[in-house]
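We just call them A, B, C and D in the order they show up, numbering each chain from 1.
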Amino acid sequence: MIVLMSCNDRPGIVSILSDIVFRNKGNILDLQQHVEIEENRYFMRLSIDNSTLTNDSKNKIKEEINNSFIDFDAKISFFDEITPISIGVFVTKESLPLYDILIKHNSGELNCNIPIIISNHEDLKYIADNFNIPFAHFSIDADSKFDQEKKIIKILKDYKVDLVVLARYMQILTSNFVKNFTSINIHHSFLPAFKGKNPYKQAWDKGVKIIGATAHYVTEELDEGPIISQDVFPVNHNFSVKKLIEVGQNIERRVLTSALKSHLEHKIIIYKGRTIVFY
Amino acid sequence: MIVLMSCNDRPGIVSILSDIVFRNKGNILDLQQHVEIEENRYFMRLSIDNSTLTNDSKNKIKEEINNSFIDFDAKISFFDEITPISIGVFVTKESLPLYDILIKHNSGELNCNIPIIISNHEDLKYIADNFNIPFAHFSIDADSKFDQEKKIIKILKDYKVDLVVLARYMQILTSNFVKNFTSINIHHSFLPAFKGKNPYKQAWDKGVKIIGATAHYVTEELDEGPIISQDVFPVNHNFSVKKLIEVGQNIERRVLTSALKSHLEHKIIIYKGRTIVFY
Amino acid sequence: MIVLMSCNDRPGIVSILSDIVFRNKGNILDLQQHVEIEENRYFMRLSIDNSTLTNDSKNKIKEEINNSFIDFDAKISFFDEITPISIGVFVTKESLPLYDILIKHNSGELNCNIPIIISNHEDLKYIADNFNIPFAHFSIDADSKFDQEKKIIKILKDYKVDLVVLARYMQILTSNFVKNFTSINIHHSFLPAFKGKNPYKQAWDKGVKIIGATAHYVTEELDEGPIISQDVFPVNHNFSVKKLIEVGQNIERRVLTSALKSHLEHKIIIYKGRTIVFY
Amino acid sequence: MIVLMSCNDRPGIVSILSDIVFRNKGNILDLQQHVEIEENRYFMRLSIDNSTLTNDSKNKIKEEINNSFIDFDAKISFFDEITPISIGVFVTKESLPLYDILIKHNSGELNCNIPIIISNHEDLKYIADNFNIPFAHFSIDADSKFDQEKKIIKILKDYKVDLVVLARYMQILTSNFVKNFTSINIHHSFLPAFKGKNPYKQAWDKGVKIIGATAHYVTEELDEGPIISQDVFPVNHNFSVKKLIEVGQNIERRVLTSALKSHLEHKIIIYKGRTIVFY
């Protein structure tokens, strides 16, 4: 069982938590914490060995933790790592991030179900077919977006999708969609530099000596959501826009897969627009 | 002798250049070129073995090159690498970039003269003293800036300074100053992200997972000049602003020294707000 | 047309070369050179715009270059970048490097033909099938190795393979094979550290704080051939051997694809066990 | 107060520890743990807010922790972070690592005393003078080493030195010395590659594409002690040995200072020749 908790900081939190687990015969596999001193805020990820727990002791642990921190302005989530999260992958034409998710799902590195791939183009259907995953195509333009998204939302709910992964999906989601699903996006720049369109061209025009990619949660403001993972690559004047794109694609997939993995393993807490990503 | 050239691209440029050098008995040590195809623009750095040249052959090479490319919209500079550039180092309170320049000047890694260190505070005078370099202090506020800068410009001209190096100098230079001197600045962020004040605080607020520093030529627009060198360091939620500053300072000095070295070795061509930095 | 040349260094080489190209109406797109001063050895990669050449002028350029440097102990290779190299990819069970080659071949980033995939196991046949590439399986043990390799060599010759790419092929090639084909291998460590078996386990035992991967040409001595490309990733005590393998696999594919690309674009010269890799 | 502990893993360790701290009115600022599952071994760093402790409660916490884990094959150390460690810095001729330690000591980043600098040459005495730190010179050759080291050991004991920092000290310490002092060394290669002499030359000969530096504890076997910190820099065929040394020196100082900082902040546990370095 995994517990993610954020609460006001006070002495004795670890003692209370570990005592609850110990009395219920659980064994703590891992406990990571973080304190933001200025905010007086405490963050924690607790991993308890499932083999030491029964359904009964799980429920008692949940109940006791919830009760103990009721006055600490706590936000607490409990996860059963045995039940994988279901993700819907959104793509357009770029294949690398999609391939990476599917390959690492196959190898067992990504602990999730992938019931559906959604796209506004049909270009990548052959990849979905190769991996035997349903592929739903919705052509989208400004006029049709809202209605098409309603259909997409219905499909995602039918497939019981918990998390949307935008693997270079070249459409901006409506705020209605954003409210309905937690989504992770990959933006092909080192945010907050080069938001919006054609970031590699923007980077080239600016003459930067390093390019990057950023995986972040989607919020209503474009490319402004909490950053989960970033990586970079050194470049120079020899890199044309085409070459920036080529090396950038390697960074994009790496960063997206890494962020997705942290989410699937319940390692992320969002607080005030920033993320705590436990290792 | 080093030649930096930028001109319209046409077949035969290398042939013309190498023929000129060869006929004047010079030996090419290194020839690097770059073409921006969309711009049809050719960039080149040519290094000719000084021991194969006389004053006479140098002059003939200069004259012939200038004449040969007169119709190519060429910008050509000739440098004698034996004569080091004189730099004026501007500092405020942070010691690391200043130390790095002085240490690497002492070790011979930076081929320059350092006739003067300028500061708006007296905090780092002891370092200048330790390295036996004159230190001039000018307290500056909004009212006094223009007049104080005039005095600074006079000193720099007296000391025959070719290049101003802003090693964490916490004053914005007036456009009058910028016009008078080529200057290299270190900005303590990964530009174009986090321009202006307190970039580490900005980075912390945004929750980025990588921080950086940028060395760039100074133009009249703040933190917008051509980027010479950038480097980064991975960070996470455990990094307080104080710790971001600590690791950032290591990046700053590295990036500034590296950019300065490229300039001193005549490896940089500026074109349309970007730099070509030959290796 | 691309020319790779290594020869004894003397004044005037560039002049001779560029003059030959110019007189034959060729346009130099790119000229990179490198000198090893201690060895008095000159290395060069010359790229001439094919649209400015005829078969006739190509032949004349080849002949004139060969003749001009006959006394310089020169090794000169001429390549027609229009004709892609044919590669045979060798795999065992790990899928990531194979996928990466196939995906980037499909996207046009790797300019080659892939007529055949060879494996000592059948595990990855489905990937070859998905990408419509013939897959040949040869089970290999100590006794059968020599005979099986003879069959493999025959197949490779039938398919006119120019280059063998060992994409995590878990068999050591015989010296007979090595003599027959130029091969690029990926070794899953930062060579020369951790040669041989289980490098991630070796790295874990040693407690290194960075792991890496190395792409190199294959020679008769195991993991000792000229290094083409290396990359690394920071790790710490939290990384189990399993996790080292996971992050290592991302480095492996990146390093192998990058090395392969340099080879396919005729950018590599081998000299005394080291490589010059032009950018 | 900081507690470093390594012991056999059993359920309830965190509960026992946090209960002890809580009952003695201490507030846990930070608790980091690590488990090596194959070894069934538990590692922990506990930081307790000093302002919540009295001398009395400190002693009780120590006593109770020692007693509680007596059967767990525990190794427990208690540190008072208010009392800085005293270090003796050993140097020869390279100035960068020494400067870095002194600068960062001055800025408060390194929480230590530096009562003495020891050298087998006088080249860097001026730096010690500039920073007002005693400098002791001992010329050393094969014959005199043992006797000179005895004098050095006496000086270090007179100055109450807790930790020896070899900041590019170009002498191999005798096993007698190694037994007397905990020492941190910087080796100018990415260990375990290129042990021993002239690692940059070794790296150049091998043609590696990345160079590195390694800070490690000193053991009797040369360059084999537990690794604390490593960093790297990408290089290519353009890097002469001289240039490898130049960029390498930047890595060396960074790696040494970082390792030293981790030691001074009591963040390192050594186990079976590897280090756990808490963040």
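By our rule, contacts are C-beta pairs under 8 Å (C-beta built on N, C-alpha and C of every residue); 3 or more make two chains touch, one makes a residue touch a chain.
None of these values were measured; they are calculated from a predicted model.
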Same or different for chain A and chain D, when you check if over half of the residue numbers at their contact belong to both copies?
same
If you take the mean of the Cα atoms for each chain, which one ends up farthest from chain A?
B
Considering C-D alongside A-C, which chain pair is linked by more C-beta pairs in contact?
C-D
Centre to centre, by mean C-alpha position, how many angstrom separate chain A and chain C?
36
Separation of mean Cα positions, chain D and chain C [Å, integer]
41
Residue list for chain C, restricted to those that touch at least two other chains
238
Partner chain C, residues of chain D touching it in the complex
34, 37, 43, 190-194, 205-210, 212, 226-232, 236-238, 240, 273-277
Show me the residue ranges of chain D that touch chain B in the complex, using the header's touch definition.
95-96, 99, 103, 106-107, 109, 130, 238, 246, 250, 254, 279
Footprint of chain C on chain B - complex, ascending
11-15, 18-19, 21-22, 25-33, 35, 52, 234
